[in-house]
């Protein structure tokens, strides 16, 4: 009785893990290139049906083409923020273009090419709002951001101690509240905000304040033992020089949005 | 008239008052609904642009159906594994060995006390750190493991109470024809106990389907997550949430009905009391 | 794997870094307020369901069947983005400096109460159903009035019959307060998620703290309920 119980426990726990594990597909063979993007950020990486759009997607497509891949050899895969390092390390994706800021702690586990864009934390407000001009003007205001990001806390700690913070798990809930007027501003990287502002339903209703107060270098996440970092950098430089970079940015983030001009377009840093 | 012990049978005047009350209640309800609709309309939530996506096949193909599939897949894995888990630990709690009983009791009580969401978040992070499965399976695995452990513990209690609530004579009859305790359990009591708990197991599916929605907090692609994606594309959060709520309610009502039909069907096949709802879980 | 001796000082440092007790305090506040709210709404629903008026019966039945089959997450989200954002239901002082926190906590309590009320209703109704019709008939036949038979004979038995299922509601409700994290209420699961993401090195320690916290809350409730339902059981 005892042994059979224990065996059954072991079997059950193996089954719990094993059943779910066997249906996966390993990406990254020679024929295809698997690229990690966000699926839920308009203007950057958005999945609509079975097509993908956004600035991250356009840069990814350009780089993949420069590396010699045809359009039909590209496979996009969702890479949620907490999984990005793991996806690269396990070889499930070959490259990641997903609002991936280059930081020293991340460099310990993955490599970066780029940056291909320099974003900055900014605020999204209603079009007719005039009193919120920057992070210091938020005392007594209601500010929304997503859980697990430090951006809202930074505003409270460094700029406006009297700000009230609302946290949701997704930006679309923040946007919903901003559109209804129950919060005053949404904060995160400016280009993400611009993507939401440029959506059809929000056009003419929401605007990015345009006073970025941080510096986020969006890089291309690569596995540490990659051989393509230089090629990716060359592709990014070529995209910027050809004017394609600017066209892609305007197409995705809307006409009214201008990125931080001192820092954009950036020059890719040397590969480690 | 229902046979409630609380009320007298109403006389003619009371019946007339009831009729008036009924009309009044319906009017009140309609008025409330009207106010809500007017307010939603005033906020621009009832425009065609926000609702027409649901009339297009592609919306269902690209968002709602994959979401429903995600919900049902997680629920199916979880309920099967919960059945196995429950059988193992339910029998463990009926064991003659004190140590097996003690371990089973601790396991069952532990997983019943820890909130599913807490377990899900923990397992998800565990998978990220130790990489026990491929990354694209992290979310599903975390959802399934968390749902299995909690619902398995509930099922374990079902197994135990299914067997213990059989008439005493069943076990005694088994022993008196020379079967051992284990044999009696396996060939007389357990089969009847399982039949008695089958409907409750089906209605436990309702709990699993509902709780799989928690998976969206760790990024599992199920209905609620898909509603989020859908509304990012069409800027129609409120309509999307209303639509998936309806889908959830329909799916769960079908499951509840199946459980009730099953209970009626099985009542003649066991000497134990057939329950539709899991005791101690009550579909929460 | 992390060794125990290495983990202990790390675990103690977590208590100074994060407001773990504050998180559990919030969990208890949510649970307490939800208990009161769901008992109130649930009792009203139960009265509706056992009442002889058809519209009330139907209303109660529809409410219970719809709410029971909807995920709690969805109900809590609906309270925040539907009731508050769309319909303008405000539950706190708009000018207060803690408006968002107050309002979110109350919206979460409202959502949790609306959800668990359907289970309270079913628990109470099952209690009423345990009272055999003969009890009411016997009470009337010895000359008690309708009100007397209700308050002396039927309700005391119905309440006793409902203790076990009500206890289960209390336990489930306490654990379900974790869903309030969806709308940004900083209760136990919210703080745990934040901690786990920032300190994956003490993953097991963090989980152990929170699991233990819930066990300490839930187990006594379970014991009291088992004791009470045994002690007060009506022998038939």
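Order of writing sets the chain letters: A, B and C. Residues in each chain are counted from 1.
As a convention for this text, contacts are C-beta pairs under 8 Å (C-beta built on N, C-alpha and C of every residue); 3 or more make two chains touch, one makes a residue touch a chain.
This one's a predicted model, so the numbers in the text were calculated from it and none came from an experiment.
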{"item": "Subunit A to subunit B, fewest steps along touching chains", "value": "1"}
{"item": "Chain pair with the higher count of C-beta pairs in contact (B-C, A-C)", "value": "B-C"}
{"item": "Chain whose Cα centroid lies at the greatest distance from that of subunit C", "value": "A"}
{"item": "Centroid distance [mean C-alpha coordinates] between subunit C and subunit A, Å", "value": "38"}
{"item": "Centroid distance [mean C-alpha coordinates] between subunit C and subunit B, Å", "value": "17"}
{"item": "Subunit A residues counted as touching two or more neighbouring chains", "value": "82, 169, 173, 176, 180"}
{"item": "Per-residue multi-chain contacts in subunit C, two or more chains", "value": "77, 81, 86, 181-182, 193, 197"}
{"item": "Contacts with two or more other chains, residues of subunit B listed in rising order", "value": "43, 128, 216-217, 237-238"}
{"item": "Contact footprint of subunit C on subunit B as seen in their complex", "value": "1-8, 10, 18, 21-22, 25-26, 29, 36, 39-40, 43, 45, 109-110, 113-118, 121-122, 125-126, 128-129, 206, 209-211, 213-214, 216-217, 224, 237-238, 241, 244-245, 248-249, 252-253, 256, 280-284"}
{"item": "Subunit C residues touching subunit A - in the complex, by the definition given at the top", "value": "77, 80-81, 84-86, 97-101, 104, 181-184, 190, 193-194, 197"}
{"item": "Residue numbers on subunit A that touch subunit C, as the complex places them", "value": "82, 140, 142, 147-148, 162, 164-169, 173, 176-177, 180, 182"}
{"item": "Residue ranges of subunit C in contact with subunit B within the complex", "value": "50-56, 59, 65-66, 68-74, 77-78, 81-82, 86-88, 116, 119, 122-123, 128, 131-133, 135-137, 146, 150, 154, 165, 168-169, 171-173, 175-176, 178-179, 181-182, 188-189, 192-193, 196-197, 200, 203, 207, 210-211, 214-215, 218-219, 222"}
{"item": "Subunit B residues within the subunit A interface of the complex", "value": "43, 49, 58, 61-62, 77, 81, 84-85, 87-88, 91-92, 95-97, 99-100, 104, 128, 131-138, 140-141, 144-145, 148, 182, 216-217, 219, 228-229, 231-238"}
